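What follows is subunit A paired twice: with subunit B in the first complex and subunit C in the second.
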Partner chain A sequence: MTAIAAGSGGGEGINPVASAIGIVLILITLAITYFAVPAGLAALVGVIVGGLLIGFGIHFVPVGGAPAAMGQAPGIATGVAMLATGAGLAGLFGGAWAAANPEFSFAVVIAAGAVGGGLMMAITCLMVNIIYIFGMGIPAASGKVAKDPITGDTQEAYKSQGTEGHGLPFISYVGGVIGGLLGGAGGTLIYYELLQVYTATLPGMFGADAAEVLPIAVSLAGIFAVGMFLVNAVLAAYNITGTIEGPHDPKFKRFPRAIIGCATASAVCGLFAILIVMGV
Partner chain B sequence: MTVQITASEGGIPHNTIMAVGLVGSLVCLYLTYANQFLNAEYAAFFGGLAAVFALLWGTDTIKNLCSYGIGTGVPSAGMIAFGTGVIAMLLATKVETIVPFSAPIAAVVFGAIVGAVAGWIANEVMRMNIPVMVRSLTEMAIIGAIVLMGFTAAMAGGFGFDALAAREIAILGPLTTTSYVGSLLGGCLLAVSFMLGSLALQHPFNACLGPGEQQDRTMMLAAECGFLSMIAVAAISFAFIAFPAALLSLIVAIVGWYYTYVRFIELSKRDAFAWLDAKPILEPKGDD
Partner chain C sequence: MESVLFGIGVTALAGALATIAGAAEDTESNIGSQGDPNSQVQLAPQMGYIHRIYNKAVSGEPPAYGLWVTISAGVAWAFMATGMNPVLALVIASALAIFVQGVYATTAYLGRTASLAKFEQPVYIDVIKSVTTVTMAHAFVAVFPAVVMCYLLIAALGHPFPLPLLGIVWGIALGAAGSATGNPFYGKERQYQSQKFGAGVPISASGNIVRYAEAGQRSSLDNGWFTAKLAGPASGICFGLIVFLEIWRTVLFEDVASGWGAIIAGVVIILIFTIIDRYVEVWARKNYGPYQAEATEEVSA
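Then we have the complex of A and B:
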């Protein structure tokens, strides 16, 4: 029972029937929310948009796994889900801090989350390049394009024989930061929308002051946001199946189906998260 | 990360392990309800055992799924298991407050729904085209929900939403006050059990995969990781349940961990000898 013999890696292009069913599923969850918890409808839309942002953002994150660790492929030497989770949680910390301050508006909260995620990716990419360049003595070069789409630098001359490139070329670095920004914003959006629903409904549910049950609301919104972040990150990773260099990588073109998939998964998970306050 | 993953064939069939894992964990979860009829939460340790049963089942499911080379590494399967599982588990605790004694079954049903949707998206929308994808992710979501519910029961003695969210604190003898901050949810201990459970689920097959992977060794490591997580959970439970009950959990966890750890080392040595085609060095016996 070996992996290669089993043969997978996914087909190309969009599956139109499955995509249509996915969109119908989203509409069904919206309808159920409208009838079960009318106050949660706007929140569910926010959760779906958040999931969609995460799914899209993950395609920007340059990951290489084991080949990158050996210097045979550009990217950060870990799995997509791990790295995206790190960026998402860093974003969530920033966003949760901003959400706790009532003076900050919606836009500030989302921006704080995005900056948290982007910062985490920027630091990770910087440290990866320091290790590659000064530790392993290899220059950053992409194997997927002849010229860097942003700087116009040629890649071919710096690429070692027998490799797909190495390090994090400029475009991958920029892509990673964009991915962190989008992922952090998406995760924070999910957290913020759920927090609004819980802070509004939980006091009535427990018959207690809003301040008393705030820890429950924060904890519930936080753990649901983490759960949905992981679901979206892994589904997007399944779309990439392996390594990706960033926005110039041919695999990046697969993102539309990840957007549909992540939106559908977030809709179902979001429905469950909102149903928890049903009957208030 | 595309890695060739080699998994052993034969051994106990996956369906048998699934049946044992599902029935065993559900029975253990229902046994924790005995807490309501005891003067202390002595049955809390059954929650930890339920998690161990589910982790054994989950390790075999990961092995089944990841033998197809999903290209994202083994840990991602554990991640999605707990991501979907935590959502199903929390909704199930809410159902418990409406229909008593229904939470374990509700966790299985909700887990199956969320997992099947995630599996269907991965297979059809993302076009992974893996025959066992939908079934595996359905199982994984159920496993994630059961492990979290088991750890919750071991920590707090029960898993009703109100019991998790509020905690009675005695002040001046008969006077009590309700604390939301000091509760299991308010302290976000669910995040701790989330990480303890997902580490125990991701690790065993990831550590044992490759040539010479043997089912019994991988499963023994899964049980060992489960008991190791249960030790941490039992330590946390001192804050929530009666001291003797928490001590009982801790003893069960440590005994279980010690036994599985010793067995795992034995099996590792056995497989190392077999793989190296070497002979174990036999210590001379006798009184020379």
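Then we have the complex of A and C:
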């Protein structure tokens, strides 16, 4: 996992050797799961998809770090991994709530998680712009594009001298919401898949009723979902290296290698999460 | 009907608690200089600007608050498992978590400031004495309502997560919301008051933070006084809205269209916020206009 992240670091393109190793690792984890816990194979696929959704989604989140806090760069003034995790976990909160209701379908649970993450980002992005505009008197301006790809607003004239832009232009706002939606959906997918495995296997392992082990299943799935969210968020943050304005930022093009990295990391983490119900 | 009314009441209470937590969180982080602008506090002595600003940012706000809220939630959960009254358990657990925060704040300030010894930045003992206790007090005001809110979500609304896990989720979200909303105001408006209002701080001015208050040298207590007026409440509204709307749409619309009601309500709320954001953005462009390179004021000042 670490070797792959290190191998693909630095450049813009995909490292073919590292990618091949990653894909082989994913296949190995799938094979081990198939032989050790056959019932967990579908869950592992779900975990991998959830991980790559998180990794992809994080590239949409506009993060400006410390320069944004000084109005030196556009974006939200915090770290990539932290903000995306906050949004994703807000989504997981809603998704886990929906998953507890047996009447709800798989699609409802995932959509509930996605909307929870998107809502968190929508509110946060709006409040960021309100502070910039009404607290600091600065209009939003992007430093990476001449025109906003959605609204067509010109950017250059509104940029303060000596800065790379400031605030959240509309494209960054939309990117933030999309990132929250994808992160919330990915985190909830991981939780949901692990919960299915645990609720199916734990009663047999402990020799207890399904209702008795449900709190343990929920807690385990939740802890693994939070942990894997952080793994994927940090991996994607390393891919971004510092700040990103959103989908219009040139750094956004780096997402394919984050997807491979996150899928591999999620596969390995997911394997361990599923192997704990082997009963050994 | 009664259950819906009960749910709405709990939702309102949770939203109010979240608002208090968010406002106190941002003020605490500004007094302790833990948000992203801390890089400027750390940088200032290297640029020759000795200051009396506290600096405890070893990690960012979201993981730090994730830790403190989770400690509090975990200890409260353990107390309640032994049969302790929940109110007492939540208060004592929050107080214990704040002692961890106090130790963290002291060691972080000493460590970070001592690393600047070669730039002749002193460690001020009176700053440790006065500021540490104030950040601890604000941290208590942030952590306690956050944990009570988590407890409410489980005890009254039946969220499936155990209390410590919900503590991680909302602790990190609390730090993320406060750090995103409050930081620019502390970073730009407070630390760079010598810079022109209505413009970002030029990169060349990095580290040149404002170090003097109305009477004597500024300490981090002045930062809390200043940012509590806008950045704190804004962070509170941000986190309060997140918690309130997230629960509100679920409590009211979960039973509509076999679960899709809450999702549609969420999408509608997102669209409303998007429209408001676009309106605010256009308003700023119309009213402020393009950036004017200052020719007279700054040069003559």
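The working rule: the second predicted complex is superposed on the first by the 269 of 280 C-alpha atoms of A that agree within 3 Å, B and C clash if a C-alpha of one lies under 4 Å from a C-alpha of the other, contacts with A are read in each partner's own complex, and residues count from 1 in each chain.
FYI, contacts are C-beta pairs under 8 Å (C-beta built on N, C-alpha and C of every residue); 3 or more make two chains touch, one makes a residue touch a chain.
In this text the structure is predicted, and so the values were computed from the model without any measurement.
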Is this a clash or a fit when subunit B and subunit C both end up on subunit A?
clash
Is A:Ala100 in contact with subunit B, with subunit C, with both, or with neither (first, second, both, neither)?
second
Given the touch rule stated above, what does A:Ile131 touch, subunit B (first), subunit C (second), both, or neither?
second
Touching A:Gly118, do we find subunit B (first), subunit C (second), both, or neither?
second
Between subunit B (first) and subunit C (second), which, if any, makes contact with A:Ile171: first, second, both or neither?
neither
Taking the superposition as given, does A:Val226 touch the first partner, subunit B, the second, subunit C, both, or neither?
both
By the touch definition at the top of the document, which applies to A:Leu25: first (subunit B), second (subunit C), both, or neither?
first
What is the contact status of A:Thr241 with respect to subunit B (first) and subunit C (second): first, second, both, or neither?
first
Quick check for you: in the superposed arrangement, does A:Gly86 touch first (subunit B), second (subunit C), both or neither?
second
Mind working out whether A:Val197 is in touch with subunit B, subunit C, both or neither, as first, second, both or neither?
neither
Where on subunit A do the contacts with subunit B and the contacts with subunit C coincide?
65-67, 78-79, 82, 85, 215, 218-219, 222-223, 226
Subunit A residues touching subunit B in their complex are 1-4, 6, 8-13, 15, 17-19, 21-22, 25, 63-67, 78-82, 85, 206, 208, 212-213, 215-216, 218-220, 222-224, 226-231, 233-235, 237-243, 257-258, 260-261, 264-265, 268-269, 272-273, 275-276, 278-279
Interface residues, subunit C side, partner subunit A - complex:
35-40, 60-63, 158-162, 165-166, 168-170, 172-173, 175-177, 179-189, 191-192, 197-206, 230-231, 234-235, 237-238, 241-242, 245-246, 249-250, 254, 258-260, 262-263, 266-267, 269-270, 273-274, 276-278, 280-281, 283-285, 288, 290-291, 293
Seen from subunit B, its contact residues with subunit A in the complex are 1-9, 66-73, 75-77, 79-80, 82-88, 90-91, 94, 98, 110, 113-114, 117-118, 120-122, 124-130, 161-162, 165-166, 178, 180-181, 183, 185-188, 190-191, 194
Quick check on the complex: what are the subunit A residues that touch subunit C?
65-72, 76-79, 82-83, 85-87, 89-90, 92-94, 96-101, 103-105, 108, 111-112, 115-116, 118-120, 122-133, 135-141, 151, 153, 157-170, 173-174, 177, 215, 218-219, 222-223, 226
